[in-house]
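Okay, so chain A shows up in both of these, paired with chain B first and chain C after.
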Partner chain A sequence: MIEEILVYGAISGGMYALLALGFTLIYGVSGVVNLAHGSFFMVGTYLFYVFGISGFFSLIPLTLLDPTWGPLAALILAIAFTGVISAALYRIIIHPVLGDEIGVMVVTVSLALIIQQLILMIFGPPNLRINPLVTGSKQIWGLGVTNMRLLAFGVSLILFIVLWIFTNKSKVGNAMRAVSQDREAAMLMGINTERLYMLTMALSAMLAAAAGVFITASITEYAAPWIWLHPLALSFSIVILGGLGSIKGSLLGGFIVGYAEQAVAIGVPEGGSIISIVPFTVMVIVLLLRPKGLFGKRIEMED
Partner chain B sequence: MVTTYIRRAYSSFVAHVFDIPARLLAFLLFLTLLFIPFAIQNTYYLRILILANVLAIFAVSWDFLVGRTGQISLGHAIFFGIGGYITALLSSSKFFGLPIFLTIPIAILAACIIALALGIPSLRVKGPYLALVTMSFPLILAALLKWYPLNHIFKGEFGIRGLPALVPRLDWMTIGQQRVGEYYVTLILLFAASVILYKIANSKIGLVFVSILDDELASKACGINVTKYKLMGFMISGLFGALAGCIQTHLLRFANPPMFALTLSFLPVIVTFLGGLGTIYGPIVGAYIYYILDSYVLRDWLPRFLKETVGVTLPPEFDFAKLLIFTLIVLILVIKLPRGIAKFTTDKLGDLEEARDLDERGPRIWKTYKKKEKTTSTGSEPTASS
Partner chain C sequence: MLEIKDLTVHYDGAMALNRVSLKVEEGEFVGVVGPNGSGKTTLLRAISGVLMEIEPGKKERPSLSGSIMFNGKGIDKSKAWNITKMGVIHCPERRRPFAEMTTLDNLRMGAYLRKNRSEIKKDLEWVYELFPILKERARQMSQTLSGGEQQMLAIGRALMSKPKLLLIDEPSLGLAPLLKEAVLKVIKEIWRSGVTILLVEQDVAITLASAQRIYILAHGRIATQGTKEELMKSRDVREIYLGL
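Let's turn to the complex of A and B:
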């Protein structure tokens, strides 16, 4: 039982951390509470379905060379397209209301509803099956774990480390940290904040899309027009319990929620049906002890 | 004697309502709402207006909390759901079977107490933290209601059904008459709720709320107990939110977990922004626009119009486009008209008012006051001499 909690909890925790990272990144840099984060998760999944599974790619001769490249190309294309879409949406929709806290929330909620309705119109309400990228399974501590989950866990950890290095070492990452600490001073130093915000939004949406493809392909294995709600709830509760704007916090929060979910699913009678309240409960308990979350200060990313 | 009172009331009414375009508009809208059941015989249209009234109460309570006290809540559905479920449990014939004029006040008070209990931990956090924390409360409750071990009480996804109606249908009543009754009950409650909230918002307490909204630290420095007033705002808002939930439960005669859904938390937000934040009358306008646009124009009028004039039948996918069109309108409005439709209109009318020559209006008001002064002075003469 302990092994189950440890293994399965860690696997989902890694993916949750990836999901929450995008949410915390855009908040930390630009102060936008992006309630459409779950929608980018969904957009990524649907684009992956279009490119990878619906046979779109079999039309292009390039992938005929080696069929295993199909899903990978679909994954990369889905993530890239989500990034472009989110940057455009940010420029058109979120940018005009930037700085107005409630206005940003209203706008992003409307955006989420619009994306949901568009997907309903294009794909219809039924669930679409998302097949795993790789098949087969391995034994870990006597527990069967599918290769897809291992791959998802590995890729999310790698992405996390890459992001960590990116924000701490690269020039753009330095600019992001500078803007999150003091926007006006950063502008005076010659940082183009508008472009930086767009870039951060694209990055955040791409992380959401990656998490979307990996979570749907490894755990739930379907895509539906309302899968944006649960990821949104997950990401904001993880981010709040870790501290808004803190990368460390989202990593720790993701794992805490992953373990807690598994513990409830196994330990509580009929726990599977109340699994969705676990992140909130953990969040409320943490907030009662520490009102700013585990690593939260004001709008700030750690350095 | 009576005629002088009537004449004085009339002239002061003219001076205070007819002379100010915004008030005149509000008055005309109120008259329209009052007499609309005489013009509309279709029960479906009446139903739309009834539900618009309920949503308006709900949105007004959200507007009070966010626009007047500055606490962003994205989980207002929790009050709606709690009010609905408590009155459902108490009035359901399978449990207690109490009459609804008892259960609704009990449910509202209970929701008030729950608002206090939820407010104490959640008001330790601020701004976006508060918004996201409040957003999680209804989701927790919705999941608990669907939890299997509690199914014998809450009946899971199915919900509690077969509740007494808000306006019971007597033997001599047609459905239309029942609807008219429901319409007036909801309209009176809407009117009462908005007047009470407006009065609170413009009282001393309302001033304290505004000072907290503007600068919390400064109000603290002035000796205001910020936490107390924040909790008070939370409770007042929760009270009216629960009232809306109770009314809807007895209108539809069931309570089910979607009453806690995230969409129901977002709906007052969207509707309020459509009308104008922090205005009390804005959400009412917004709720009516929402229901008329969604349930009348897009569902009823547009398909019929296209079918009759162009000969095009809309595909079933158009069902999904309704919310899309509405949300797009809201999005464009929030970006282009951040004050909201109602606030924009009143501001424009206010500009008109200022631009008008005051000389024309001044003497008329002055005349009314002078008349009042004269009559009061003659009336109080004996007491003055004694």
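Let's turn to the complex of A and C:
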């Protein structure tokens, strides 16, 4: 039982951390509390379905050359398209209300509902099966773990490293850190914040899309028009328990919630039915102990 | 180089600048003195463009009228980052270093828009020459620096942006007298190297000791302007505005 919690907790924890990192990134850089974050998780998943599973690629001879490239191409396309869509949506409907925090929430929650309706109209209500990108399984501590789940875990680790290098070493990453530390000083350095917010939104949504594809392909195995709500609740609670705007906090928070969910699902009788309240419960417990979250030190922009 | 005409700024109804007109010629060192709340910071933020930028959580933007020209081009509607690109560099009040970056990374942020690595390196050496302490503190987080060191860092960071016109907001704020002198000396040296300077200060002595021409700002208006000698001639100016 412990082995199960450890292995499955790490797998979902890694993906939750990626998801929450996206949410924290756009908040830290642009101040946007993006209530449509879970929607990009869903959009990424559906795009993956369109490109990889629906037979879309049979129209394009390119991937017929080698069928193993199909899922990978679908994954990359799904993530890239989600990035482009989110950047455009940011520019058109979120940026104009940026100064108004409540306005941003109203706009993003509306966006989430619109996306849900669009997906419902296009794909209908039934669950769509999302096939794993890879098949087979391996034995770990006597547990049969699917290769897809191992892949998901490996990808989450790789993306953490890539993201760390990106934020600390690249020019855009430095600009993001500068803006989150002092927005006005950052503008004085010549950082184009308008463009940076758009880029950050794309990156944030791409992380959500990656988490969407990997979580649905490895764990939940289906897509439905309401699969934005749980990821949003997860992001929200992880980011708050980790400390708003803290990258470390989201990383650790993701794993904490991942393990806590598995502990409840596996260790508690009938645990599977109460799993959806785990993230918020963990959040409340953490906030009772540390009101600002694990790494809380709200990035204040006030003078 | 810089020409401001009838600049008026309101914050949410309250007037901060009232028909301010001001000129800075290329190569000049111009000072603006005024007490706390007279509108000095607002003036510099209007010039550098950050005043009018959209920010999260900032519902009401100030209103601005009048014109600001830099080298013959109107910049009052330009984006802050484009104004920086033109070489108008603003060293902000209270230094505002990037707290969770090292001294060196802060200086590198100053060179954000620049490409030529060898020139950047040369300027970094120049900054270290002007402020040797920054070289010692290069790997230290900027939030651990003293107030004086942070001021040096802010000026150094501004120099890394290769200013044509350098706007400096209250560099003497909160510094011990000796440190004020030291910072002022470096500002003069930067000016002598060919950078045009617009310094705003509460500290009258510092401004009189450095600027070629001085504007006196009171309640958002330019009360008077002139060289040190011209200003000192009038008893009213001395007593009311300069407190001398």
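Things to note:
Operating definition for what follows: the second predicted complex is superposed on the first by the 299 of 303 C-alpha atoms of A that agree within 3 Å, B and C clash if a C-alpha of one lies under 4 Å from a C-alpha of the other, contacts with A are read in each partner's own complex, and residues count from 1 in each chain.
Just so it is clear, contacts are C-beta pairs under 8 Å (C-beta built on N, C-alpha and C of every residue); 3 or more make two chains touch, one makes a residue touch a chain.
This one's a predicted model, so the numbers in the text were calculated from it and none came from an experiment.
Looking at the shared chain after the overlay, A:S110 reaches chain B, while chain C stays out of its contact range. When chain B and chain C are set side by side, the one touching more residues of chain A is B.
Judged by the touch definition given at the top, the superposed model places A:E101 against both chain B and chain C. Applying the stated contact rule after C-alpha superposition, one finds that A:L229 touches chain B and leaves chain C untouched.
When the two structures are aligned on the shared chain, A:I76 is found in touch with neither chain B nor chain C.
By the touch criterion defined above, A:I93 reaches chain B but does not reach chain C. The interface of chain A with chain B overlaps its interface with chain C at residues 100-101. Residue ranges of chain B in contact with chain A, taken from their complex: 66, 72, 74, 121-122, 124-125, 127-129, 131-133, 135-137, 139-140, 143-144, 146-149, 262-263, 266, 269-270, 273, 277, 317, 320-321, 323-324, 327-328, 330-331, 334-335, 338.
Put simply, chain A touches chain B in their complex at residues 27, 33, 35, 93, 96-97, 100-103, 105-107, 109-111, 113-114, 117-118, 120-121, 124, 229, 233, 236-237, 240, 244, 269-270, 273-274, 276-277, 279-281, 283-284, 287-288, 291-293.
The residues of chain C lying in touch with chain A in their complex are 48-50, 53-59, 61, 79-81, 84-85, 89-90, 92, 94, 96-101, 105, 108-110, 112-113, 157, 161. Residue ranges of chain A in contact with chain C, taken from their complex: 30-32, 95, 98-101, 104, 171, 174-175, 177-178, 181-194, 301, 303.
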